[in-house]
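Everything below concerns the one structure shown next.
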Amino acid sequence: MQYHRRRLLTIVAEASLESALLRDLERLGATGYTVTDARGKGQRGVRSAAWSAAGNIRVEVVCDAELADAIAAHLRERYYEHYAMILFASDVDVLRGGKFSARSD
Amino acid sequence: MQYHRRRLLTIVAEASLESALLRDLERLGATGYTVTDARGKGQRGVRSAAWSAAGNIRVEVVCDAELADAIAAHLRERYYEHYAMILFASDVDVLRGGKFSARSD
Amino acid sequence: MQYHRRRLLTIVAEASLESALLRDLERLGATGYTVTDARGKGQRGVRSAAWSAAGNIRVEVVCDAELADAIAAHLRERYYEHYAMILFASDVDVLRGGKFSARSD
Amino acid sequence: MLDPVVLFFVLGVVAGLLRAELRLPAAAYEMLSVLLLLAIGLKGGIELATRPLHTLLPQIVGVAALGVGLTLLAYAVLRLAGRFGRADAASIAAHYGSVSVGTYAVAVAYLGAHTVAFEEYMPLFVVVLEVPAIVVGILLVRGLHRGTRWGELAHEVLLGKSIVLLLGGLLIGWASGPAAIAPVGTLFFGLFKGVLALFLLEMGLIAASQFGSLRQHGLFLLAFGVLMPLAGAACGAVLGLWLGLSVGGTAVLATLAASSSYIAVPAAMRIALPEANPTLSLAASLGITFPFNITIGIPLYLAMAQWLHRPGG
Amino acid sequence: MLDPVVLFFVLGVVAGLLRAELRLPAAAYEMLSVLLLLAIGLKGGIELATRPLHTLLPQIVGVAALGVGLTLLAYAVLRLAGRFGRADAASIAAHYGSVSVGTYAVAVAYLGAHTVAFEEYMPLFVVVLEVPAIVVGILLVRGLHRGTRWGELAHEVLLGKSIVLLLGGLLIGWASGPAAIAPVGTLFFGLFKGVLALFLLEMGLIAASQFGSLRQHGLFLLAFGVLMPLAGAACGAVLGLWLGLSVGGTAVLATLAASSSYIAVPAAMRIALPEANPTLSLAASLGITFPFNITIGIPLYLAMAQWLHRPGG
Amino acid sequence: MLDPVVLFFVLGVVAGLLRAELRLPAAAYEMLSVLLLLAIGLKGGIELATRPLHTLLPQIVGVAALGVGLTLLAYAVLRLAGRFGRADAASIAAHYGSVSVGTYAVAVAYLGAHTVAFEEYMPLFVVVLEVPAIVVGILLVRGLHRGTRWGELAHEVLLGKSIVLLLGGLLIGWASGPAAIAPVGTLFFGLFKGVLALFLLEMGLIAASQFGSLRQHGLFLLAFGVLMPLAGAACGAVLGLWLGLSVGGTAVLATLAASSSYIAVPAAMRIALPEANPTLSLAASLGITFPFNITIGIPLYLAMAQWLHRPGG
């Protein structure tokens, strides 16, 4: 099986950021994203999803390492100070490398 | 802590594939799977989950590397051309290796 | 981009464990967690989410390796025998290491 | 003046186009459609209880034939005039040969508001029309190809949500009769128009999200989405007259013929004809034909039926 | 002839067995059960407002004792005849010593359709019956073992959804009285049977999904799932007569005794007796006893009550 | 005695404080608020249909000015007496200058139960009051700063769920008139109090979850959450008298002035003033002011209105 190495960026953030966040991802060049509804707890307290704005979203982006860095830098810059948000990244293997980045291989 | 290395396969696909996909996973030998509802965007456009068939599902399978390859090959063969679907794989550590593969260790 | 290496622990368990599990995580020292509703299949059969107690939850915790081990050991000890539950761990990169562990770096 | 339920649809479309922060939960949409399907089925079943079923056999056959005919007509148009590939043409055609329960519900509300009576067993025809178009659509692409997994398909189609709930409602209504159904009717019938209003609000939001893909697929689809229902309605109305339906019944059958599926058929086509582009058919069905039918179409089809039934007609 | 609400259950079972593509959203199921619990509670509360509570004390004690007795009876049968382990026997027994609100609702609908009156404060007994079986079940396995976290358990049981909503409804109904409740009654009482129908549709789907695990656990569970409710109903009916309840009240108490829990008790058992296999008890309770009670049981229990109350009885 | 709908709120608060296992699905909460917003909008729209709109212009201007004034008042108090930072003060002030639809609904129910008539076009004022407070709140922090993305903000505020549904309902009601609306009214108006009861049950659960953060933020917020609505109500009532509203109308306007937002404003503030702590404003608005208004406030505001309208007044 021929895999290509990409980065998986997972972002958990307050649900009210959904549209702004997705807009940013597209602008920065992500070829796609996957969103699920979530709840949780962190430094900014419990986020319970009792009603939709009170919950979190969990966004995944598969992309190349450069873009992952660019997205992480942008989010830190723009949202970290005032919003409930965490971000973590890891390596993943994909079959169609071209689907997840501008450059193809 | 004694961990065993396994593969985590994550599949994001259009929700209408749910039953077919899960049937395939079982047939290929997966010992289990976890499904969450998701929405997203990719080459085949926005999938909004406004009504259930319009959304995505996100399926995770923990298994050994061989089976992960077999599943990936099967999905590429059977679904990639005509369906909204992505797939990525990564290494994970589990406690009970035997729970996630035919062979035991 | 300056990343810090942490562990991502993912737990899938029957939904009725939610409050007990989250209480345990906090007691053991996790700085946060993220929960999504899920369904699935494993050794203990199909968990369908037809009504909420019949489903699973999927809990993610980002923490340092020590705590990850402690949590895994505790869960194995306390829940593995009698409850539907799986657990897997992997390495992830985070921006703010201090956010995910007692020690700071 | 538009019926309020249609205004809810307009509200949904406008909110969708303005990208308003309005999203009904998917669970609510599911429940609303369950309620509509059951209500329609029950209503038809109660009526069926009062007449020997076999007397309806000729009508059932006629209506099924209508479904087949409309699918073939749509396919020919899409292939010849639209130059669509086989799979896309067949998939779109199957949508138009089948029916939309939402459109049916609006027609019922419209006739009710104008106190035009119709044969109450019409829901039976909704069920009858669901299936033939799907079969024809698949046959047009696959022929009697061995590879087609007809078993799986039959399961998908016959045991899809719409048919199970319509048929289930029909049977329960038929077995129970009006008196026994009355207490559950407070929910299913008493709230019918309110539920329909909410359903149409959501449909409006969904329809608005289809307009984007319409722009990409151009004028032909737009024209098809308006002209095909007109042609369908004409066929349906003539058949209705020929089958001896009342004015109201004729208008309803015309509406059914004009309507295009957006639940059962898309699901079946994803499985049977995955190579067909689902965006095309949904954009036409939800983005054009559904709005056209519930605003302009239904009044037109009633006028059509009245004209056909005119004293000297 | 079956009541239409029961036919909805049958529809759900059939759809489930045929693996139809029919799945009500979990949110809808939750809301339907919230509506039922509140409606039942409110109804009982309104009635309680009209009588001094202490006059009910003897009945409350009697009913609680019934819960204890039935749990012990079921445990003995499961251990001796069924050869189940302690944990499994105790867990199943707790299910049968407790009650099912859905079954109660069907009984209310059935008596209503047959215009049989009953003591409207019965929901109080539903609350009373929820708890003792759970306590007895745990004691049977753990004894007065120190390790049992009774605090946590009490929280889980007394503050579970069913008790909070039933008791909350009772208190609100009791504090407000019939006139003030009337405007909210349009939703809770007016739509009761419709809501029940939808709830039973979903219950049918769930019951069907239990049949698979039944096959694995054999005939004994099947027999137990039918005979235990019959025994329970007999005890309940006799107690009802003895407590001076009307024919309807006796039938309701028999039904409560016959019914087995599938919400509160399973949740409590997962926490208190995790070593008990939850599949066994749910399969018996949902897959056999619930269907049996709502189709065959309730009419039988009414006949039982009528026979006990017969003039020369 | 409290109205039953308020008792549902109390039940929610108690269940929340006891950490009961009671959680209504988020989808249900969304749907309930959609139903309330549409019902309120429709009701107002039907009434608007009967009068020339321009006659209401002076009242609209007056009410909008009230929104601005209350926001400024609240800001001054929070800055000077509360020593809050600019962003936090402005954000909380915007909540209190705006309105709560849930509180409005309880006021309507309360007046209905006491058969006090009021101007039915009041929902128009709900819409009018939503926006000015938000604009003022932002201006207080950002001034006419170029950086503020007013376009995005206008979109967020004007196209948020509450305004779209209220305004949509108003327009549909206005365009359709009472007769055409009647059939959908069975759902929207007939079930209004039941829907409100369920909504308040959930609001109680949410309010209870706010009490924790209240403890951290101390007495000032508690006092502010009670005194600010009283001051607001006084302003609203005087304005109502001055605008020539009836006793009922004056009480409703007082209630609107007293109420504080927990849907539209929090969402807007997260985007416009992210540096403001959202916990503070929600704790005050949901944890104190909402409960205060629906239990003690509304009866008080009605008394206030009656006193202002007293014969020799």
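Labels A, B, C, D, E and F are assigned to the chains in the order they are written; within every chain, residues are numbered from 1.
Just so it is clear, a contact is a pair of C-beta atoms (placed from the backbone, for glycine too) under 8 Å apart; a residue touches a chain by one contact, two chains touch by 3 or more.
Given the structure is predicted, the values throughout are model-derived calculations rather than measurements.
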| item | value |
| --- | --- |
| Chain separated most widely from subunit F, comparing mean CA positions | B |
| Cα superposition angle of subunit A on its copy subunit B, in degrees to the nearest 5 | 120 |
| Distance-maximising chain from subunit A - centres being C-alpha averages | E |
| Subunit C-subunit F separation of Cα centroids, rounded to whole Å | 40 |
| Inter-centroid spacing, subunit C versus subunit B (mean Cα positions, whole Å) | 19 |
| Touching two or more other chains - residues of subunit C | 36, 52, 90 |
| Of all residues in subunit E, the ones touching two or more other chains | 24-27, 30, 191, 267 |
| Parts of subunit E lying in touch with subunit D, wherever the complex brings them together | 1-5, 7-8, 11, 14-15, 18-22, 24-28, 109, 112-113, 190-191, 193-198 |
| Touch list for subunit E against partner subunit C, complex | 23-24, 26, 29-30, 202, 205-206, 209, 213, 263, 266-267, 270-271, 274-275, 279 |
| Subunit F - residues contacting subunit D, complex | 25-27, 30-31, 34-35, 155-156, 159-161, 164-165, 168, 171-172, 175-176, 180-181, 183-188, 190-191, 267 |
| Subunit B residues touching subunit D - in the complex, by the definition given at the top | 14, 16-17, 20, 45-46, 48-55, 81-83 |
| Residues on subunit B engaged by subunit C in the complex (per definition of touch) | 1, 3, 6, 8, 22, 26, 31-36, 62, 90-96, 99 |
